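Have a look at the structure below, then the notes.
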């Protein structure tokens, strides 16, 4: 037991799942669960704040410094709210739906590779597993829509299912083209991989992120995936299932309190999961940027420390803001809170930036940074675009994305095989 | 401008530069049709009524305001009917009249024959009384309705 | 009330809709109650949709949730006293309402407001048109899913409201004009401030357009949606930008000029197809035209009195009059019958929103649920005016 | 032209244009929100707010001459002027004056009707109170002005 606990700390080749180290696997599951939940809370605040800034507003400001405690206040509110089950609802399914959605949302996360060893487990069919489980989430949405016995949720859930089915095709094809790229790794004998960890390793070995591979093919595939992932997570401009101005709140119209917050939790977890697929497949997962151009141990250290330095900067920004706060009696607790927050963030940043820690977990930090980039894009899109209509959404999915994805797939295959073909032609002659 | 329609036309004059025509309620339909088809008044601006409670017999004036895009002129057509009497609907001439006639029915209780959906529009369907009649006080309300549907004694 | 609704709409709902709601889920038709509490019915409009899947087979509007009996109030107030009430009909364009009312009563008592008052009226009414169109654009974009234009338009509208507040002391329900002219003269620096406002506005309109005009999602959502051609518009009595988008070049400011509009140089923007996109473009162009009018009016603002000679106790002669103006939403008419007393005998208001809303059914038949929302938005209705 | 439109479509120029606008406005200095109790809006001079009865600053006597014009001008009939005739001077003396702000729509007609500048709609806009009955103001409250509200979180 103890052995299992300490032994893994020095293990730098295998994920706990692979090493059959159940204690650490459990710890990782808890870390991932807690981490993603924390991320959801942060994201909740971040989205509101970001969206507000896009829209020349301030966003939450009153609860805690710069509204930082707003998610907690909201959580308390949601937990203490009356839990309403509509009269005509199918109670069992109504009860099951949010649980199901959360379950599928979090189960996908066990194969997400935060680092070469930082994943709960590494399956050899990792990406397939992720796609499969995440598409099960739609079942929960249909359950919610059906069980509510109300028109808006029903329409919302039907839209959702149709949308997921059609966008999964384009998404799958884009993924296949990335997987195909893994098979061009020198020394792998043309064998690709579905394992999330191996996909990143392939990018490391090939010395390029797949977004830049066979430019612009990798980029197009990435773009298709980037569009499909918004549709997959029901976010604007593809947020038809919850289209606020049409269907009130879509499939979760009849939900309130805790159950509703479960849907939100699942939505953000789903966003995290899908973004992590994109980061893994095209943005090099946990790999730091510029591995070839800025190589060498000095640069390695610099890049390892970089995320920690970012956190330190956030802390400094908090201090700066606290110093700039108007000196009013009413704002005193807020100012003090901001000082304390700045101190905590600063300490965290120093801890993360200290070289031993940084070396061990800088890959996690890079991964989270990349996912964070996607989160920013999510909010940015939401702030800018109108919503597609249902039939237009289908049109974009089937008539635009699918053909392009197919074309990219074929061209990728041809381009990738050209050296082999040339060699074969030479040999044949 | 003014057309001769036998004895049906009671009065045709201009007040402050605005033309109006008073016709008998029996020929209102024909006159409206003629105005649209022959004179090109293709836009029914408004349809409303006025309640002259002190007048004997024909208590209500129903007013049609017509406009012609081509001539850029407006004309008012008035007809007088008694309480409880009905007028032919103008919906088949101008679809606009649909809601306007419903509003007149709602507010004055004047029925329009042949209207596709003659029911109240602004007030609740089972409200009693027609508020724009002169005998309906400004503070008056259908207390029974308010009591049953809103569960309060008074909405004021 | 619900049950009686069902009773009277038996043929609309179909028989299986019993007393307790839909017990049988009919696979072919779905009755969807949109409103009165719904995010995008612009107030308390209730639209009952008959759907086949998401396709709209028919609609029925239930209105009157905001009925306040403005016409009845009008019969019980003196002419002066009624003026603040009209502000509360179309509450996003209060100045236009007040302008129409004052003009109507002035016609009735045969008084003309002095030129300076006329110009001030034009300036404020056009600023109000801009503000109203901005509210429309923001909410319409929000209906279609673009959240941000709402905040940008409301920010810019705020500047107009600040001018209103400085001029007449209120932002929304302004009560800016009185019968016979204006109560207030311009404040110090009014001209400069309005000109600055115009310069501030122009680039902002460009921003709205950058966000929407060429955006492919916006174009797809609006082009070919809710088509209403010119003949339909005339038959349904639809006026305002909706009529102009259908290609009918008709604007009361040009057709029957009132206030100082006859001295202004401006164009009437028109559309071609009469779809939602054209209506959007017409209104955007109208924003620019309004700015043009405001600039001209400020430049040529004459000096002189702001109030005509109107008796303190207003007793118009016996008679009746109809006067209408081009409100931001269409033709806003006042039909006033006077019996020679202090109070109007009959005060009929012809609201543009009420008549325009009638066209909803024709516009959305065969469209999808999402289009209903877009069409309600594009009609630019204000429920305060629909229900009065 | 055709090619240009096509290229614009492929490179998503239309979408990027919108994204640029929203990106630009992220800057904190563009924020338009007013942090209300901390920052208070500047009220225009002509603002029509809570009514106030002015008193003669030297003698402290009311300026109201009980002419009842404001009550007649009010569309909502919410002003009640109570006065009695002074037996000596034969002039009307104001006894009480009630103003029901709960029904007031701040149209300013009473202010315009007043011939002595006694009644004025002041620039106080924070007039929310607990209970409708508190909004019926009598002469004393109209003269003293509103109770100042302090905001301490």
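Here the chain labels run A, B, C and D in written order, and each chain numbers its own residues starting at 1.
Rule of thumb we're sticking to: contacts are C-beta pairs under 8 Å (C-beta built on N, C-alpha and C of every residue); 3 or more make two chains touch, one makes a residue touch a chain.
Keep in mind it's a predicted model, so treat the numbers as computed, not measured.
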{"item": "Distance-maximising chain from chain D - centres being C-alpha averages", "value": "A"}
{"item": "Distance-to-centre winner among chains (Cα means, whole assembly as reference)", "value": "C"}
{"item": "Between B-C and C-D, the pair with more C-beta contacts", "value": "B-C"}
{"item": "Rounded Å distance between chain B and chain D, as computed from the means of their C-alpha atoms", "value": "40"}
{"item": "Distance from the mean Cα position of chain C to that of chain B, given in whole angstrom", "value": "23"}
{"item": "Centre distance in Å when chain A and chain B are each reduced to the mean of their C-alpha atoms", "value": "63"}
{"item": "Overlap residues in chain D, where contacts from two or more other chains coincide", "value": "15, 18, 21-22, 25, 32"}
{"item": "Per-residue overlap in chain C, given as positions that touch at least 2 other chains", "value": "148, 151-152, 155, 211-212, 215, 217"}
{"item": "Touching two or more other chains - residues of chain A", "value": "54-57, 383-385"}
{"item": "Chain-level touch network, classified as line, ring, star, complete or other", "value": "other"}
{"item": "Chain-chain contacts as defined at top", "value": "A-C, A-D, B-C, C-D"}
{"item": "Touching residues on chain C, where the partner in the complex is chain A", "value": "21, 30-33, 38-40, 54, 141-148, 150-152, 155, 211-212, 215, 217-218, 220-221, 368-373"}
{"item": "Footprint of chain C on chain A - complex, ascending", "value": "51, 54-57, 88, 151-152, 155, 159, 236-237, 239-240, 243-248, 382-392"}
{"item": "Residues of chain B touching chain C in the complex", "value": "15-16, 18, 20, 42-46, 48, 50-51, 63, 65, 69, 72, 74, 76, 94-96, 98-100, 103, 107, 119-126, 131-132, 136, 138, 149"}
{"item": "Chain C to chain B touching residues, read off their complex", "value": "1, 4-5, 8, 63-64, 67, 69, 71-73, 75-76, 107-108, 110, 234-237, 248, 250, 255-256, 319-322, 324, 331, 333, 335, 337, 345-346, 348, 350, 354-355, 357-358, 387-388"}
{"item": "Contacting residues of chain A [partner chain D, same complex]", "value": "50, 53-58, 61, 326, 328-331, 380-381, 383-385"}
